[in-house]
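Both of the next two complexes hold chain A, though its partner changes from chain B to chain C.
Moving on, here comes the complex of A and B:
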């Protein structure tokens, strides 16, 4: 067995390499250029800009919330896979303040996005009138603030205890993180379901699917795993992480990615089959809008590249152990996460006619660039490994 | 198969180890020394062990894939035959060939056939069930299902030599090395 000497477990030995600062700079530059384009878009076509921004914001919100979920799952289940990516996940959860900030344009322009936020539309629609007790602007903003407060508190507490563990807090921090994660995962599913109903399902306020929240959260976990895989692959090219990351870890991430691809597909196909089978007008019309006039090709692309190709590729054991190959599949999945969100949101404004605006791409790059810059900034703040975790030696293959 | 140079009365040499990591290290060195007819025994599965012994490709995954594809074809074929050919019924105005409705059953038959292929394929590839194996002749071998780890270099190996192989195994610092009667 290739027994390299045990890497040092001194926190100072695990500070981020200079490359992280370079990546932060690149992300920030790209993000700012795209954000400037979005600002121009705001002046040219405010409604389109907000609709594009919504999809972009939901994509990167998903990465942050999914990271929070994965970090909590790891606190509860343990396992070598989680310790090597824990700092990446924690840094992603600390981007929630930025995401709250990036949400402000959306909150300011709700009527451009949601039909229930337009008083003249509600006045002439019986169903919307009845749903106004829930779907109204002040309550919507209140729910969003509450969701950010709950997720933010969880991220803050888990991050703080993790730092205390680094400083020698040992067993007490571990027990606190486990307890908070148990409660936190319950909250994640409950609050996440509300977020999915509010921000995505209510785009079409007549349509409903009780499976939607879990599907939304499964997509988040997938996005978060993608980020963890790509960043770990980047970090593995530089000291100090090059001494910690092995192909065994990547094999684990590949297996998890395969599992989440299958979980997401299982939920997506369940939702489709149930509504297709029932064929009720108010449910079926949602799929009708998304499978005609060009949108059917997007749906087909989602089946092929969000499920079939990644699924078949990830079956291969040797692919899962090759970091660049796995990172490639992961990046394809991140693009498909955006395609999936676009396919869910954009037909609301263009049913039966395929629509892709340049602002859709600019917004995704703008939010992504700013988000990644913030993420790398947070990542560089702490040691890249939780060196005082009781299981760290095991996780590095020296158990 | 080359003729062994030790006489026919030996199945192989069995080395006993105290821990899984010792066994894996020994397996690596045995493979590096050129031995290919080697088997290892442990109370629980050890992931690195098969690779350490040089077993890279098992045909079982391909069998499972074949089983899964056959299961999917069987599931879809069965439903097609029932709904379209044998007993066509108009259900909710949907076409007879309503493939989305066939997915759940086809999914289940895929899993079922793949699982059968995995279990029976594994048994066939391992040539199981095998009522007796010479390695049980070693007196302490029963401990392989408790807390001891064994590595056996078989006499069929072209590099096998009763004395030199014993010296090699002793160099891996096992707790003991025994001869296994055929």
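Moving on, here comes the complex of A and C:
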């Protein structure tokens, strides 16, 4: 068996290529232009701007939280796949301060988004009155702050121990990361469930589904993997990562992506079958709004492009091993993550008619641009590989 | 490789081996096949005798049922689904660990699965056999079940209701049983050939020879074999999800509070794996001691199974908590009543015991010390076995006994025949496991051979 020499394991050899700085610049410029458009939108139609912003913010929050979950899953289970994308995942978790900042306009405009935040609506509604013990503005803000504190602390600690490992901290930081990840995943699922109820399910406060939290978190993991694949593909075009990333890694990411697409679909279709067949008025109406008045085409697009096409494409071994092709499927899925969130949120405000405002797109680009700029900035701060991880040679010898 | 930096990485931590040191291909073969060719110890026949007595009890209670009708069971209004559904779901859940270990862990390249997959798969088959018995017996006249269950063009033009998950169950469970049987049998073929070659008399040679389907171990055989095995693993993987998902639909697509919950599919699947791993631990811990297989089923296996039990247990616990929150959040009168009745009503004992068995006790598995103690693992597994049965009891009985209309509330009283059938299937399960141990190699010989050190050396040279 002939072995290509393994790439260097000197941290200095793994600093980010100049291209990362260029990508940061592009993302920042695009993000700022779109953000300016959103600012104009804020002045023109504040309610619409907030609703569009919510979907965009949830999409990129999902990437960050999903990255935190994937990083923790990898700390617990190990495997070659995770080491090559670990720095991407960690950089994504360090965007949480930015996401907290981008959340402020939403917190300031809750009544424009959530019907339960309007006192006059709650006063005349029995169901909302019952739920007011949970769905009220101060408690909602408190929960959001607590969620950011918990996720932020996890991201901070894991990031710090990872840096200590780079600096030669070795086994001790590995053990700490594993221990924190076990507890952290439990927290992620519990807190993430409440985030899903708060920010998405309570848009229609009459509807409920106990699966929703899991579906929300599965979507996050998918978004995070998608970003990691795209960024790894970008990095693989430049030294030093061009020496580390191989077809075999991409084959593994393709398999993981297929598994996540299937898992997300499994949850989404289970929720649909159960509520469709029971046909209870307070539940079925949620799907009624989302499958009529033009929204059915969006639903169909989700079936086709969030599941069927990616599923069929990802069955192919040669596609999974071709980096640009896999990155293409990943980008399609990132768009579909946004479509899915839009399909869940927007019919609340326009139940009878398909609605797509220019601000929906502007907000997605604005949050995305700013997020990516912050992400690339964070990515460039550390070596692109955790070179002191005890399993790194195994991961690189993978090819 | 070149390390040209002062930051030389630490050596990768050495994982404990999945097979004890000092074994070679021939010692592995002898150790495992000698269990079948040797004499069984006295305790084996005693235990088999006890299990067989329970099977006789099962046959007697089935006889009574067929003669009199399902009135001999405690099922009646409002609880029309009693022990038979509880036990059906319990058994079929137990089967899931076998498929998970053999298929999913194979695809995930987890080599620690190797020594436990064979008997976990056997466990799957026997558990599915026990499970399938219940819905068939519940029809009262199982010989007519084909007519009720299978869609076929009959002269009366009557079809089963295709929108009912009960009919999906028929297909899901029968597919699952078929694929599991194939997977198990295909996995056995090379070992059956080994048994044939080592047989000590003509009868053994003949039987193992026929079953091994002319296996010669040629390179072409192995080549086809590997791809067939991987394909079957790929086929089995979705089945792990689909079977218990559809079992959960039996409840969830209805409107009864306590049954209608969207969390049911993933939580049932996790519960099934949870129950299955608990059963594997329940069986593996005594067996490895009694047959001196500590070299093959090592502490590392038990620890890993402990970890899977912990993770799936946490998912199940999450399901219980989410149900409480959703019941309140729904604001639905009946949902809220159901939850209050579950936690504080006449059957509250079952819910609290369930939380103890499935929610609290498995948390001990967070501790490495507990995961490294056979006794503790076995004790926790027994709690989980009981807890998973209670979970189905809570879902079936507590939800049905007080639904929408107070005038139709009632209680459930299992009869002696319910108990005899339940205990009888446990006996049947154990008796089949004993027969399996007696006649077939309970650990995969050829896969264990790939784990011994000499196989590794050959691999790296090749």
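By definition in this document, the second predicted complex is superposed on the first by the 395 of 399 C-alpha atoms of A that agree within 3 Å, B and C clash if a C-alpha of one lies under 4 Å from a C-alpha of the other, contacts with A are read in each partner's own complex, and residues count from 1 in each chain.
The rule is short, and it goes like this: a contact is a pair of C-beta atoms (placed from the backbone, for glycine too) under 8 Å apart; a residue touches a chain by one contact, two chains touch by 3 or more.
Given the structure is predicted, the values throughout are model-derived calculations rather than measurements.
**Q** Should chain B and chain C be called a clash or a fit once both complexes are overlaid on chain A?
**A** Once chain A is superposed (C-alpha atoms), there is a clash between chain B and chain C.
**Q** Who does A:213 touch here: chain B (first), chain C (second), both, or neither?
**A** After superposition on chain A, A:213 lies in contact with chain C alone.
**Q** Give one of first, second, both or neither to describe whether A:104 is in contact with chain B, with chain C, with both, or with none.
**A** neither
**Q** I'd like to know which partner A:277 touches here: chain B for first, chain C for second, both or neither.
**A** In the superposition, A:277 contacts both chain B and chain C.
**Q** Tell me which partner touches more residues of chain A in the superposed arrangement, chain B or chain C.
**A** Comparing touch counts on chain A for chain B and chain C gives C.
**Q** Figure out whether A:127 sits in contact with chain B (first) or chain C (second), or with both, or with neither.
**A** It touches chain C, and chain B stays clear.
**Q** Between 224-232, 314-322 or 368-376, work out which stretch of chain C sticks into chain B after superposition.
**A** Of the candidate stretches of chain C, chain B runs into 224-232.
**Q** If I apply the document's touch criterion, which positions on chain A are contacted by chain B in one structure and by chain C in the other?
**A** Overlap of chain B and chain C footprints on chain A: residues 273, 277.
**Q** Would you mind writing out the residues of chain B in touch with chain A in their complex?
**A** Residues of chain B touching chain A: 21, 24-25, 28, 48, 52, 61, 65, 92, 94, 100-101, 103-104.
**Q** Enumerate the contact residues on chain A facing chain B in the complex.
**A** Going by the criterion above, the answer is residues 1, 269, 272-273, 276-277, 279, 315, 317.
**Q** In the complex, go through chain C and note every residue touching chain A.
**A** The touching residues are 1-5, 7-13, 163, 241, 245, 249, 252-255, 260-266, 314, 318-319, 322-323, 325-326, 329-332, 366.
**Q** Which residues of chain A touch chain C once you look at their complex with the stated criterion?
**A** Listed in rising order, the residues of chain A that touch chain C are 5-6, 8-13, 127, 130-131, 134, 168, 170-171, 182, 186, 189-190, 193, 197, 206, 208-214, 266-267, 270-271, 273-275, 277-278, 280, 282, 387-394.
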